[in-house]
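Each structure below is given as structure tokens.
Next come two complexes built around chain A: one with chain B, the other with chain C.
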Partner chain A sequence: MRTQYGKRHVRAFWFFVAPCLILFTTFFLVPLLLSIGLSFTNYDGWKTMDFIGLKNYRELFSDIKFYNALGRTFRYTLFSLPFKVIVPLLVAVLVTAKSVKAKGIVRTMIYTPSLLSALVVGITINWMFGAEYGLINYLIKLMGGVPLQWALNYKLATFVISFASNWASTGFYMVIFIGGINNISGEIYEAAAIDGSSNVQTFFRITIPMLAPTTFLVTLLSTVNLLKEYALVQGITQGGPGLNTTFIIQFIFDKGFNQMQHGYASAISLVVMIIFASIAFVQFKISNGGDR
Partner chain B sequence: MSRKPYRTGKTLLPTVLTFVVALAFLFPIIWLVLSSFKETGELFSYPLKMFPSKFSAGHYQKVIRDGFFSYIYNSFYLAVVGTAITLVISSMCGYALAIYRHEVSYTNIIFGIFLLGTLIPGETLTVPQVTVISELGLYNNIWGVILPVVTTTTGIFMFRQHYLSIPLSFVEAARIDGSTEVQTFFRIMLPLGTSSIVTLALFSFMWRWNDYILPLLVLSDQKKYTIQIAIKNYIGFNGVDWSSILAASVMSMTPIIILFMILQRHIVGGLAASGVKG
Partner chain C sequence: MKKALTVVLVSLLLTSALFAAGTKEATGAGSKVLKVMLSEEPSSEDALLGTLKKWAAETGNTLDVMVIPYEDQLTKFPLMARNNDLPDLIATTRLARLYPDEFLDMAEYLDMSIFEPMAVEIIVQDYKTEKKSTVPQQFTITNVFYNKDAFARAGITAPTVEKPWSLEDLERNARLLQQKGGVKYGMAMDSSRARYDNLMYVNGGSMVEKEGDTFAVAINSPQNIAMLQKFVDWNNSFMPKAIWAGGTNDNPADYFKNGDVGIYFSGSWNYNAFYTQIKNFNWGVMPSPVGSVSGSAILGGSGLGVPTGAKNKDLAISFLKWFYTKENFQGYLNQDKGLSSLVGVTYSPDDPQVVEDYKIMQSEVAKVTYAFSTDESSMWRNFYDNEYRDAMREAVNGDISAHKALTDFATILSKKSGWRMKY
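After this line comes the complex of A and B, so read on.
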């Protein structure tokens, strides 16, 4: 049967795969190869394109601004990551609890911020953290405190960005955790209840260990999403004050599109790509792919 | 069990607590929406009040005068056309990768190529991507924003997983009845993928509607701007035009929230099962 159909099926296979493959090649693989090629040139996105060997890479490894942007991105990621994973986990446990009614409405409410564009997420949170007429500063004043300069102090500005990012992603990761929790067999919980395990004990001794693969997935997804934070920042600080919230993707865009250093931007992109992939790989190794 | 007498007591407190948490998550959106109906004077004067003293649609009128209906139209066009293409091509591709896995020896290699798309963040390729778009003559063209993003590994993966779960005997039976490969897919197998289609449709629509980076870099003519770019333009060098941006933001989030409310029963279930990536 198979040999008789063989050729026709191979042709059908290519017919089905071709549209995706052609578009993916044009807009992903070609840019990837282009990026490698251009990283050895001084291409300005217009006319100049000379081969300059490893000059971009040499320049890059001694570029203090590059290290600063990268370090800033890492600090932001490390600071935000625990919240990105723990908050949705706690929320998911809450909205899957047997004693909670109207679960659907509650889940929808928490999920809603995940529907907004990153830009609008930034704007929504930024509106609350306005220095003069923002709600948060108003409440601080009402309680007799001193209003904070959220946009001018770089630590506070980074906090606002992290807060916005966490707010918007909680619903999405909550849904992933709910999936994980629903996969845990109810018998284990029943056995624990019979053995007289308290809710807190059950959470730490059963829920957390059983959710390890889900937690790994959420950690991996949030790490990558934090490392490439960009549009959200445009709704809050646009990278300021100074360059204090300019993370690595914005740094690449500034070089490529504002300063027209496409060759140099390509070199940074490749180095960043390798760094991101290595981080994902290390996380994968440490957690053993999420297996217990 | 002897729990019955305590039931209301057992559920009331946790339910109230959960509602408070959920309300806290929704609050920034509520605050944004209520603020968008306040008059400019009220937005910037103390004391701040929860509700506008007089509901005013003034900011919305201003934003509409700025051409927001045409930006909404552009975003709709982008999202609908992009989603339609995504659904057709990723269902075809995912189907082929699943159904021909025994007959075509290199299906896994091709699948592996698409998986590169999840390993490498698209943002690191944006600079050369824009070069490709310009070389193809798609700069300042809506297709330059649609075509680069319609192939999603998530979509291909979803359909592949779905068709792996359907027995190959379905396909064999159709073949014996004399159906061609293309007919088998469109008439028999595609209708079996409805749950994946609905889920991917909503996500794809949302991704395209919310797209920011490519439209910003590719569309230079103001007439072609999408809603996100129009919103961004209210953030100037001298600060933010808050009274306009509040109304504009509300206008941009409304369609997605309505769509989600309509489709959510199909979505959240599908989401929990497959863990769709954003």
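After this line comes the complex of A and C, so read on.
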């Protein structure tokens, strides 16, 4: 039998959970259920919506362009992920070092690009790496070099997108790592110093293992954001050269909003969501949920 | 008590500021607001915006101009319609083609005989009914610009209307311009399906062919494949490949304005911008080349339509009646420097060079091919549009052959439309 205290406790629980639950339901659950429903129709975004069963899914699983876009997305993610984790970690270690001056200003400067919208970042990077009038090629020519064909070489194009993505997100993940580093007890470092541990040894044997939960969080967030890359690509390469930087989100957007195949795009989105959720699940399992 | 009163007063102030910012004040008694939707941010010299402002000043009404970029219109327009928040007047190239039921039939309000028939056909793009969902606002044609100084340096004489170049002449001279004309690229072309399609039409190719009441897909004909292969070779030789291969947001018009291109395939809509902005080299308009079968030009443009759900339909129609008088349309045309869609009204420039350029652009109209008209009447773009662009991009980038690019596209178009494949 629930006591008065128990009932108050439950009420307090729902009171605190309610705002998040309402937001989650409104902006995730409801659209998810709608999307599931639309995936079985030929909805064109406005006037046509007929039930067509599994036709969208049959078409999707036989669409070579879907697999190509997914493959490109995975390759881009695998290439960019190490930089997304290692660079912010190293930067965080640097800006938390005792010998570094003006930490506040440095952290602010590194964090500022995270505040820019992805499209603005993309357009800025495009201006820098433009093949004809870009700043980087201008500097290369000034130094007597041969300008690089950023837009024509898919490896260079992918590198530019990855560079832009890392530049824009390093500050955000740096902040997460700083939080993790500050939570490591100073006594452990003191003990290591007494035992004669060098800085490098301390970093690899103490800092990194102690940051396991933080590293897992950064890895998970980075993976999801890389898999969902869209605005940067639109701002920089628009999916080119050819279709070499047309990732899965571009593919979904093109189907849904350019070709008005909302039903088909919903089917693609659901399949992609399941794939991405599976990847996150595997990460959880491998990292043991981030436990040390 | 004092604190509560302060809070209430501040809230009232903020709320009234919010309302004030959200409403458009009418400037005088009887003044109404005409909500106009444009598809790109207008420059200060934009002819349509200038004309709208002139109308507003003359009639004492107010304008509320909104810009919905071309790429966003397909998603925003249905949302606006569902939310009953449509503009009163829309300048559009495709919304009326895609959603003809959402627009008033202009033939019920305007005398359509005042318009050039070809302009109406091309811009309204409704080949199934007699309804005129829009009326022509900006009537455009593809054309070729050239860098006169680069031609002089390379020792090239520009073609004339009487003696146009062949495609072989074009290729030879583009290479020469790159070698001796002091330009980085002999030739550039807007990354637009319509620009490329002229190369297809001049060799007798087409997207579809009419067969009775239906069509057959013909995009993968041998001559089309050969032309695409040639175009791929041009991109690898004397054209800025990144434009057509994708991978860049660069606009070839900027390349031409910077003097980096000898020959630029674009359209009459760029003439005004070049006239006002290019000051560091001499340039002009040349006739487009002819192929093994004929010449080709593609007409296009933007129309003005009034949504059926617009709140101020009558105001929009009164603007259109004002706009399409000879005097007011002449004023618009003088600023737009484009082709006229109104019978008996032409742009008469003062500058003799502009007069010559316009004669050449006007001569392009005669090159519009039957194949283009047939393709337009099939409305194939309602089935696939971006896929054609993607196929071209992959071919130019070397990811797939010209044969595979066009055959694969022909296959999916055939499947979606139900039309048989001719090849």
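Just so it is clear, the second predicted complex is superposed on the first by the 262 of 292 C-alpha atoms of A that agree within 3 Å, B and C clash if a C-alpha of one lies under 4 Å from a C-alpha of the other, contacts with A are read in each partner's own complex, and residues count from 1 in each chain.
To be clear about the criterion, contacts are C-beta pairs under 8 Å (C-beta built on N, C-alpha and C of every residue); 3 or more make two chains touch, one makes a residue touch a chain.
Model, not experiment: these values are computed from the prediction.
Judged by the touch definition given at the top, the superposed model places A:Leu152 against chain C, while chain B stays out of reach.
When the shared chain is aligned, chain C comes close enough to touch A:Trp46, but chain B does not.
In the superposed pair of complexes, A:Val91 makes contact with chain B only, with no contact to chain C.
Contact with neither chain B nor chain C is seen for A:Ile206 once the two complexes are overlaid on the shared chain. When both complexes are overlaid on chain A, the residue A:Val106 reaches chain B alone and has no touch with chain C. When the shared chain is aligned, chain B and chain C each come close enough to touch A:Glu132. Touch criterion met: A:Gly240 reaches chain C, while chain B stays clear of it. In the superposition on chain A, A:Phe257 makes contact with both chain B and chain C. Between chain B and chain C, more residues of chain A are touched by B. The residues of chain A shared by its contacts with chain B and with chain C are 45, 123, 126, 132-133, 235, 238, 257.
The touching residues of chain A, when paired with chain C in their complex, are 45-46, 123, 126, 130-133, 149-152, 154, 157, 235-245, 254, 257-260. Chain B meets chain A in the complex at residues 10-11, 14-15, 17-19, 21-23, 25-26, 28-29, 31-32, 35, 43-48, 88-90, 92-93, 95-97, 100, 102-104, 107, 110, 113-114, 116-117, 119-133, 136, 147-151, 156, 175, 181-182, 185, 206, 209-213, 217, 228, 231-232, 235, 240, 242, 245-246, 249, 252-253, 256-257, 260-261, 264, 268, 271-273, 275, 277-278. Chain A makes touch with chain B in their complex at residues 2, 5-6, 8-10, 12-13, 15-17, 19-21, 23-24, 26-32, 34-35, 38, 45, 91, 94-95, 97, 99-102, 105-113, 115-120, 123-128, 132-133, 135, 138, 167, 170-172, 175-176, 178-179, 182, 217, 221, 224-225, 227-228, 230-231, 234-235, 238, 249, 252-253, 256-257, 262, 265-266, 269-270, 272-273, 276-277, 280. If you check the complex, the residues on chain C that touch chain A are 71, 74-75, 78, 81-82, 99, 184, 240-242, 245-250, 254-255, 258, 260, 384-386, 390, 393-394, 396-399.
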